[in-house]
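Chain IDs A, B and C follow the sequence of writing; residue 1 opens each chain.
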Amino acid sequence: MTIPRDDAPEMIVPALDAEPPVVERVGKGFPWGKVISYVVLSLFALLYLAPLFMLVNASFKPLSEFFRDPIGLASGINFDNYTKAWELANFPRYLLNSAIYTAIATAVFVFTTLFVAFPISRGIIKGGGAILTLYVVALFLPPALIPQFQLILNLGLYNTRVGYIMLFLVNAIGMIIVVNYIKSIPKELDESAAVDGCGYFRFVWSIVLPLIRPAIATVTVLHAIGIWNELILPTIYLTNSDLYPITRGLIVFQGQYGSDWPALASAVLMLMLPMLVLFMFLQRYIIGGLTSGAVKG
Amino acid sequence: MRRMKWLALVAALALVFAACGGDDDTGGSDTTGAGGEPGTTAAAGEPVTLRVLIHSQEPMTTWVQDFSTQFESDNPGVTVDVAVVGAGDLATVTQTRLSANDVDVIDMFGFANPVQDYMGGATPPAWQTLIDAGLLLDITDEPWVANYDTASIEQAGTFNGRVYSVNLGRTVYGGMFVNNDLLASVGVEVPTTWSELVSVCDAVKAAGNQCMTNGGQDGWPVFVGTYGMLGALFPDQAGLVEALYTGEMTWDDPAMADWWDRTKVYAQDMLEPGTTGLAHDAATFRYAAGDVAFLPTGAWQAPNLEGDGGATFDWTYVPFPGSDDAADNQNLFGKYDQGWAIAANSPNVEVAKAYVAAFSDPDTYQEFVTTTGFIPTQATATLDTKLGQALAPYLENFQVGFEQYWVQPAGAGQWANGSQAASWFVPFNEWDDAAALATQAQADLQAALDELQ
Amino acid sequence: MAISLVKKNYLFGQGRKRWVPWLLLLPGFGLYLLIAVGPSLATAVYSFTDASGVRGAPVNWIGFENYDEFLFRGLASRDNLAALQRTLIFMVVVTTVQFGLGLVLALLLNQKLRGRTFFRTLFFIPVILGVVIQGLMWQLFLYPAGGPVAEVFGWFGIQSEFLGGAPTEAFIWVMVVQIWANVGITMMIFLAGMQTIDETLYEAARIDGAGGWNLFKNITWPQLTPAINTNFLLNVIGSLQAWQLFLVLIGYRPGTQVLGYLVFAEGFGQTTGSVSAAFRQGYAAAASIVLFFLVLVLGMSANWIVQRRERKYLG
């Protein structure tokens, strides 16, 4: 099967830094449209707030109270469950591990992707089309769990941070987004840079990279979210609890203390807090990143 | 301006890492491969890290951790790294860590279900694959093996005449906890036959209580107690498995009708509503609240009833009264629980042997049994707990249950293992007609048996 | 003339310098071959063996036996095909609903509304929390014995066992959670697409007297093409390979498995929960090759639809 490289889907768009003007869709008179919008949005928001509230409420209940009445308001604010959960598991370490894996793997992935995507997109290397085809087909590959496991084992990287990070160094969809985005950069730029005597590496690194920042931001965020959420691979590859990311740490905690819902809820909330703070802090970048490279043609 | 934003992002990330790192009591700046490098060889006298893998099951987990700490102080230079994984992940982690030579002492959970001659080309269970691959150490000639009774060594540690595992205890699961106080307040006796159980349940419910609870969320707790019923109806479980394979018995045989009808009654009328949301441990907490008469599950839950937040009522444990003949309901069905095995390629074989030897010391073992409530596999040990007293009248009649013999033939459908029937009825699954389910179970099994010929 | 691996249009130097793009490409491409392509090809090889995945255990070449067993033997094949079907249903339902809901939310939040940042953030939060926390929240939320949803259902006289009951029902709830958790991404991508649409297009159309639906049909929808394509592909591929929520929410139960989970469970001894599970990596590999062909066919069809749309709207 051959897929001409222009067949890859277009998903490109320039940066989205400032909030663009908002479409005013409502006419004069009583703003029925807005009222309905609010009602729909609020109903939907309830679906997101209610589980959260349930979690907070459960975390304040003693175990016996929870089993008597899981949804009644907690009879008081009591932090015993938090102390308990904190003592039972090493959540700060898990959080740190997740951050390390996500940051390093994403950085390496983005750097290497740039130098694969550019020559393919520009068609300056022989076989570039075939390479892109390989990436498009790979979009659909099931995760090759089993041979991958044998590979990491034979490399002696089982149960190590390096081995775990290695699993996240490639991402076909990210590659395709970048390849397509680069096409939107005029080729005249290459010519003038070459005339100026700019080297290949310098050109790609200091001229192309800033120009394709929206696409880079998009793949960075998509890739990072994938690593942050991964649950199966740590089960297979990491057995040392010092190396667990939060997903694994939490599910092991659940396996051990699963019936103690109040403690579990406290643990979840303690984990959520730093994540939410981090998210609030980085929100502009995450949302901008998620969307900017993915949406214009 | 844009560059500034990226700098800000990087700085922000760095800040977050630093902040998180501050919580990390071991300094935590080791980003590469610091932990658990496989194959650390240690000569005598040098520090050794012994890697032990167990599955999560309180209070056993805590006890093993305490024992390991004790072992460390008795053996200077030895560090014991006890990894605890959920029972569901144990097979996966055993496989990956043994393949990676990343473990020394392993918890062999379920050294059972060897493939029999009449089973054709059934896939062998995990432990058999591990032995065939030469990953488990042959411990036949270790002196401490003799501390364990021969039955346990033969039934749960021997393969092809060699010993690979010592078993730490039997557990009973084909029975149920009984809330004596509740029965007394309702004015009924502990049931000894199926029809008595039915009428006791009615009486209990009429008095505003619940008959049974269970951990439906985890699936297996729903049917684990009914292994006792299957055992009461067909006392020779090994024979039953063989008969099902050879076709002498079928799931839809008239002799099986009681089994399907009664598991349906059990699943739909005896278990209280809402059990589908209870995890196994949670069911015990629920039961401890006191308004449920029976908890049909493994006797290993007894320590949770005795501990803090446990039961405040008087309880006992009896075989599941699955037959209408009280004499058939005297057998305790169960299995061999955890066993120790040693990784054959371990660089620390001697330390690993010393660890298991220390565990096998009769005094230490007695402590273990007392804490965990396992029925001892060392003849010198006794189970002197409340559970021990409850089980004492039946201990002579300990038998290995159906699931320790059953091997699913290749090609069998998902309903072929009829011993799990209780978890297939509404509300746990979609079946409501016992006879139809029996027919389906036999069809699912037969399809695979036909392929064997 | 030395062998040249770059084309004539390469501008950045001559001679040895013409190797530079390849040298820089190699780390990324090499990793890709090593981590993704190599193991995938090996999966195909594995699928013809009885490998257990245990180091040192014998491995035999057994031809198409794994495929035969997976697709045809006994009644296990019925369960496997049901898992295949379930995988497809999951994909179609999740893709459609998540796509539609994401579009509606984006349209609502693309208005000048007070608090829209709040809503936007709120709907995106599950993505940040990850699959385990998503699962835990919903297990608690769907607690059958007196949980909030059970309570609300009770007002209408509906009794449900949610995740622990009938497989069909549990399966539906997993789809609900999957959509709940990921609709935020879809919505964000639509929002970004809408914000790049030139406002003057709407103004001109309004002067011509176009109303809400016409504005959407003639301007928003065609202009959204890239965002639609991105979401469509992300949803199709994502939902075909997503099964972690099944593991977190219901475990490996009869009547609920999807193919991805089946591969993991067979290969790593999780089919029976705990006791004496067998390791069947060869068989699991065969199952994952079947999954691959399924995903390939569907993914390629999705890609084809996407391109047709692009030709139609973007020329």
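Operating definition for what follows: a residue touches a chain if its C-beta (ideal position, glycine included) is under 8 Å from a C-beta of that chain, and two chains touch if they have at least 3 such contacts.
Predicted model, so just to flag it, every value in this text is computed and none were measured.
If chain B is ignored, touching still links all the remaining chains into one piece. The chain with its Cα centre farthest from the Cα centre of chain A is B. Among all pairs of chains, A-C has the largest number of C-beta pairs in contact. Each chain gets a centre from the mean of its Cα atoms; for chain A and chain B, those two points are 37 Å apart. Chain C has its Cα centroid 14 Å from the Cα centroid of chain A.
Residues of chain B found to touch two or more other chains are 87-89, 92, 96, 99-100, 278. Looking at chain C, residues 53, 55, 143, 145-147, 268 sit in touch with two or more other chains. Shared contact sites, meaning residues of chain A that touch two or more other chains, fall at 149, 153, 236, 251, 261. Contact residues on chain A toward chain B in their complex (touch as defined above): 17, 63-64, 67-68, 92-93, 95-96, 99-100, 103-104, 149, 153, 156-163, 210, 213, 235-237, 239-243, 251-252, 255-256, 258-259, 261, 274, 278, 281-282, 285. Contact residues of chain B toward chain A in the complex are 2-3, 5, 9, 12-13, 16-17, 20-21, 23-24, 26, 28, 31-38, 53, 56, 58, 61, 83-89, 92-93, 96-97, 99-100, 102-103, 278-282, 284-286, 289, 309. Taken in their complex, chain B has these residues touching chain C: 55, 87-92, 95-96, 98-100, 109-110, 112-113, 123-127, 129-130, 132-135, 216-220, 273-278, 335, 403, 409-416, 424, 426-430, 443-444, 447-448, 450-451.
Remark: chain C residues 4-7, 9-13, 17, 20-22, 24-25, 27-29, 31-32, 34-40, 42-43, 46, 51, 53, 55, 104-105, 108-113, 119-133, 136-138, 140-141, 143, 145-148, 151, 180, 185, 188-189, 191-197, 199, 202, 212, 215, 225-227, 229-230, 233-234, 237, 241, 244, 247-248, 260, 263-264, 267-268, 281, 284-285, 288, 291-292, 295-296, 299-300, 303, 306-307, 310, 314 touch chain A in the complex.
Listing the residues of chain A that touch chain C in their complex gives 7, 9-14, 16, 19-26, 33-34, 37-38, 40-41, 44-45, 47-52, 54-55, 58, 69-71, 112-113, 115-116, 118-119, 123-127, 131, 134-151, 153, 166-167, 169-170, 172-173, 190-191, 193-194, 198-201, 203-204, 225, 228-229, 231-232, 236, 246-247, 250-251, 254, 261, 264-265, 268, 271-272, 275-276, 279-280, 283, 287, 290-292, 294-297.
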